[in-house]
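First the structure, which I've put down as structure tokens, then a few questions once you've had a look.
By written order: A, B, C and D. Residues from 1 in each chain.
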Amino acid sequence: MRATPDTIPDILQDYKRIRARTERICAPLRAEDHVPQPVIDVSPPKWHMAHTTWFFETFILKKFLLGYKPFHHLYNYIFNSYYESIGDRVLRENRGFLSRPTVEEILDYRAYVDEQMEELVDCLLPEQEAEFMKFFTIGLQHEQQHQELLITDIKYILGHNPLRPEYEKGHLAVEVDTEYTIPEAVYLPVKGGLHTIGYIGESFAWDNEKPAHQVYINDFKIQNRLVTNAEYMKFMYDGGYHNFRYWLSEAWGLVEAEKWEAPMYWQRIDGEWLQYTLHGLQYIDPNAPVTHISFFEADAYASWAGKRLLTEAEWEIAVQQYKPKLSMQAFADAEIYQPQPLDVKADYATTCHQLMGDVWEWTYSGYFPYPGYKREEGALGEYNGKFMINQMVMRGGSCATPMDHIRPTYRNFFPADKKWQFTGIRLAE
Amino acid sequence: MRATPDTIPDILQDYKRIRARTERICAPLRAEDHVPQPVIDVSPPKWHMAHTTWFFETFILKKFLLGYKPFHHLYNYIFNSYYESIGDRVLRENRGFLSRPTVEEILDYRAYVDEQMEELVDCLLPEQEAEFMKFFTIGLQHEQQHQELLITDIKYILGHNPLRPEYEKGHLAVEVDTEYTIPEAVYLPVKGGLHTIGYIGESFAWDNEKPAHQVYINDFKIQNRLVTNAEYMKFMYDGGYHNFRYWLSEAWGLVEAEKWEAPMYWQRIDGEWLQYTLHGLQYIDPNAPVTHISFFEADAYASWAGKRLLTEAEWEIAVQQYKPKLSMQAFADAEIYQPQPLDVKADYATTCHQLMGDVWEWTYSGYFPYPGYKREEGALGEYNGKFMINQMVMRGGSCATPMDHIRPTYRNFFPADKKWQFTGIRLAE
Amino acid sequence: MRATPDTIPDILQDYKRIRARTERICAPLRAEDHVPQPVIDVSPPKWHMAHTTWFFETFILKKFLLGYKPFHHLYNYIFNSYYESIGDRVLRENRGFLSRPTVEEILDYRAYVDEQMEELVDCLLPEQEAEFMKFFTIGLQHEQQHQELLITDIKYILGHNPLRPEYEKGHLAVEVDTEYTIPEAVYLPVKGGLHTIGYIGESFAWDNEKPAHQVYINDFKIQNRLVTNAEYMKFMYDGGYHNFRYWLSEAWGLVEAEKWEAPMYWQRIDGEWLQYTLHGLQYIDPNAPVTHISFFEADAYASWAGKRLLTEAEWEIAVQQYKPKLSMQAFADAEIYQPQPLDVKADYATTCHQLMGDVWEWTYSGYFPYPGYKREEGALGEYNGKFMINQMVMRGGSCATPMDHIRPTYRNFFPADKKWQFTGIRLAE
Amino acid sequence: MRATPDTIPDILQDYKRIRARTERICAPLRAEDHVPQPVIDVSPPKWHMAHTTWFFETFILKKFLLGYKPFHHLYNYIFNSYYESIGDRVLRENRGFLSRPTVEEILDYRAYVDEQMEELVDCLLPEQEAEFMKFFTIGLQHEQQHQELLITDIKYILGHNPLRPEYEKGHLAVEVDTEYTIPEAVYLPVKGGLHTIGYIGESFAWDNEKPAHQVYINDFKIQNRLVTNAEYMKFMYDGGYHNFRYWLSEAWGLVEAEKWEAPMYWQRIDGEWLQYTLHGLQYIDPNAPVTHISFFEADAYASWAGKRLLTEAEWEIAVQQYKPKLSMQAFADAEIYQPQPLDVKADYATTCHQLMGDVWEWTYSGYFPYPGYKREEGALGEYNGKFMINQMVMRGGSCATPMDHIRPTYRNFFPADKKWQFTGIRLAE
């Protein structure tokens, strides 16, 4: 997409839509909810709101808008996340210590930057357009990534509060049918051989999805759906968390030291398992996909089940073959304006399904550069490449991912012990 | 003081005055300021507001008011500070992770408890009065202690924010006269021999001030005023922070590891020293007492100056002899309602002065039980006695201490490395 | 290899040769050198001597020798490394706290087990042979792995001692020619396409080298030799350790926190770089391969040089194509009996060389299971599979690897920040 | 004591006797026992042997012996403990990583320094004598302090080894009479009022015992003997380690985090309590004083018993009044040459006893300067004064203290959580 007199209105529409969604996600919060950073991974919601704005200010307004006056001379220090090229910044672990700027001041910051962005779009010179569009698109994609993090971080902040508050009044909880049991999973064949994976096309994709390249895989079989809560409970009741045999060595150290015994957000009350959802504490839906588990748990479950996880190449090739539809439940999308269930739901389809838009599926692939990978030049080169170590690839997008942010080649990545994203398990054999 | 039909209105007046002052201290804050816990020592302001309320609920309403219905069944878990006898609680280091209850909910909690307290006072049975008055008095003293902590904790939260916001608009900053230099300190004689220290009387005093008992001290001389910022800067410019000779071994380890080089809140900007005060960044008043220094720094300064700190017995005996007036600057007092300087001020008096109400004076006395000390029974026994190890006694009260909370026998105590209270230095020889 | 009446004498010969070499490696040590564990990765030499013995005792003697009486009932607790299936054990981080058993007692333990092993081999039943040979072979391979660790751990213990003692008197130091400069590296073509990697054959290979499987790679070019000390110094003098641009994000955190500035064992004395070798401190040979660098440093060097590291598949395919000879310098080999240089040497060959037996070459491949990988059953299943996370693959073997332990398919693995092995850099483009 | 032609032979005799005793204490050790530092408090035995030698080299030979050539130029770096004035040194926590110099080299170092000391004494100039004697005496006292630490550090190293080896063959174990029960303790009156404590006299005493000064104490009663193992077990069986009420707040944190449940070296085997002694594991003597407990445990025991610990002034005044004899069991003394029990023994005397030479008695007094205290000039000023914070005073000397190192005014000091010295409990009321 290139900005032309015709496309400009469109891109402003996109800009407004995406920027508005960020504020919509934060709308149900109280000012106090915007402050804590209960673990280093979880950033304060107002920080997300400001950091995404700082991104436009830093990479676009300061570069393209002549005479642009930054909103506040210290915001670059406060809201730079990890760009060494952009200078000093608040240490990541200290984000939760900052009560100021307030939410109100940050909303003013957003309004100011939005206004200046509109002004810039109006007066953009033709020779700036190509470069502008590159940063502009990345700015929007970046904000969408933070929308997903906003949802998972809000869930963490509220879900670890002893009061277990719900995120927003008026949503309908997921209806749970504890009587019915979903049919046994089946394993569907995927044809091996030489395949091409990675992004091909003209739309946006991150540098880490490129270049497209050939890989050879063996024939294998893929589970037609995600592992359910009921299935995961079997693993738990079979002593899964107490038997080193299923666990990687580093994982077992954590299981013992931190006394893992269930997915994040599960808690046992009077002998019954409940889970915190954005609706508050709920009974566990036996047929819904298990979520909020680490790679370590996904791998241990697979060992226990006598199966294995897929590699990212296998996953992408299976998607090429089965052409799944996107799950329609993604709640961070436009639909967030309508009260609806804020959690991953059971899905009773019979073909290969739940591949995209339910939970991120842990793969047994490290997050490394594709053959021929080139980092972006300049500060954007810090976006993806510098994290290519000690992280595992997840595929498929989750119910918290913006719908138009999901695609088959998308590579998400997290350390193997992280659980606070909507993550899940799909098996292969 | 015992509650009688006559005293009851008085005690309610006290109660209302003290409770209102807590809320007055918090009034200038934004909701976001109520949340962070940037270091373990500093509690979120709303936590102080709720915890002092929980104290009345737990130790008075639940005991004395028939049929009392707690405001929320989880608040005991959330707002119990350290009373093992009262049950489980949020770990101290996790207070800053709790966005809920909100400030508004906590103000509702305060209103509810206040109302129930009034009701209780109305219907108190004569046989309850003695016991009631004991807890009631402690509840108020406890809240006054937290008022001082509120001020120092707010100062920490705002003063460590990169924006260095001021606490409240409209206060006059301390007027700084950088031309004038206060006269050299003189050392005034204190008569040694057998003296009695500790609390004697019928008013309130903490258990740790009792019993009064005899101590023998040698004749000594006491500095007639506090060490000033200008004097402390001489120590700094003489390499005080870079010479192990002045420091206790444990202190030197911290100086090196944490790169200490000035009191807390001082920062050098363009070659000039400024300090964060509740009015924002200010030039340093050379004649004002140095404050926000640890025991370790006070002791190192004394070594450098060829003097020493007092013991707590010496300090109390000097006060008996010189009968100092309370400094009238205490800003956490009723005067908080009037705009006034929110920091310790220079004082140009010529007799022995600044002993009470300016800064807490570090003594070279460990916080240990007085001979014959008895802990309170029950949960209140956890109030003071269990902290009698690895802490140093401070005397005199500070500009942040409520005026009617300052008395010559008062023993405050903190670990030797803490700096965030309004602490200062007085020398002896 | 299967034990038959004919092979038995051979296997005992192997056994004796390998067991003797362990003791030969330790022979120059003083008893005191056998005790410390200066970092968690480095085990005390006597621990290696006992643990390799425990391996034979636990997996062979206890299983195959009727009425076998363990040498000491507590040695299983003391010398089990990480086998959860075998029971409790001394925590890894506490190995250096154990002065007992003494070296002498451990040599007795070795002699006892060796004697029992001989007895067992004598009386082995035909139906035991297959199973016996499997464990026996692994026991010897295991001991060879520990021989390499012995050398690198001894180097660490001696090389971090302020006295920088040499390992053994009488060895000739590497001759360093600081005048001569090796020719520029050239990049040799490797043909891409579908290739098979992984172990095929009847000899021993670890489970993690199997199964052999097809991979597709692009054409690429491989550096004909290893990166030299002189080249690495250019990176250093060009500010390589002070420019975040070359480093992975996690690496940069370490570089700054731990103030990395050169390979391990390098130190600057009077403006001159020296390195600790097993001969003591030596001037750095500009033409020798740089060694004792982490994956992070290898990757940063490659970024600085505008090149990249190989993947393990690329490396193995290049070896198939260029069929390099094993470097003859491996000092942990039989040659250890002859005084010779105990370090990696410069090599002036002009074809693709130094691929095997000089330094382990870091690849940009995570240590993960090969497609179709199956863990061993039982305790041996803990040998490799459970470490397949957060480690990078190294290929080629080093000058410290026993010669008959090096093969093209061998996968070694270490976390990306480790430096104490003989590791090095080969680039690709 | 001043060196004169007559005293010189005597001082050499003292020197030889004390130096020989250090080596005698180490004689039963294996070379390997000399290396570990299992916790930061415990130094490797060979380090003690070298450090005490370094003390004579640094403070005497380098100053008084013209042309003295240090034994090794790096030993100052390796064996300086904490003297900032003497320059850089190996970090305390790294002492256990040093296998070199070996025990043999250190014995050579000792012999070299001893020889040079004799030479110096021969040629000492009259005008050097006073200064020399001061350092010489401190050097010997210093070595005696390390003799006690040697014993407790050896006990730690051997006693935490899973093999629980005994220190020396041939000693008789303490005979334990589990049938007999020692009579109930009685509380003997001590007369209060004004008393003088601190060292007065011409012999040696540390700076921290001076100046003698007056203190006022109340009348009190002192337990006539030490608390026994049987009594302490009652505390344990009454849930002492599981009831926060008896513990200081900081103590309770440790009890819970580290799961304290008995004195150090106690372990329960098959339901029976044993303790590691230098004879190996032994049944616990119910009548012997409990030992290896922290201040925190002593204080908790006192709370449980409804009593309290003494202050150091009370202790010293009680000794003035009761004039106890030194226990004759001190095993680090000359008697170490004879096989004898290496542990604190039951003592059935009926007067006030066990005050000196059994176990160090924890007092509820912080280790602070006496009124009028002056630190030594120069490096020796670092000996005592810089540790006067966050430590508690212990009095009386233990069975591991050299006999001629025990005196009523002696102030030993350790942090409140330390247990590895021979410490015990005496109560007051």
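Here is the rule we use: a contact is a pair of C-beta atoms (placed from the backbone, for glycine too) under 8 Å apart; a residue touches a chain by one contact, two chains touch by 3 or more.
Just so it is clear, the structure is predicted and the values come from calculations on it, not from any experiment.
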Worksheet item: Using direct touches as single steps, what is the fewest number of steps from chain A over to chain D?
Response: 2
Worksheet item: So which chain is the furthest away from chain C, centre to centre on CA atoms?
Response: B
Practice prompt. Give, as an integer number of Å, the spacing between the C-alpha centres of chain C and chain A.
Written response: 39
Fill in: Length of the line joining the C-alpha centres of chain A and chain B, rounded to whole Å
46
Item to complete: Could you draw the chains as nodes, link the ones that touch, and say if you get a line, ring, star, complete or other?
Response: ring
Worksheet item: Every touching chain pair, please?
Response: A-B, A-C, B-D, C-D
Worksheet entry | Residue ranges of chain B in contact with chain D within the complex | 82, 84-85, 194, 213-218, 244-245, 247-252, 295-296, 311, 364-366, 368-369, 371-372, 381-382, 386-390, 416
Worksheet item: Hey, which residues of chain D end up touching chain C in the complex?
Response: 30-38, 46, 74, 77-78, 90, 94, 96-103, 157-158, 160-163, 165
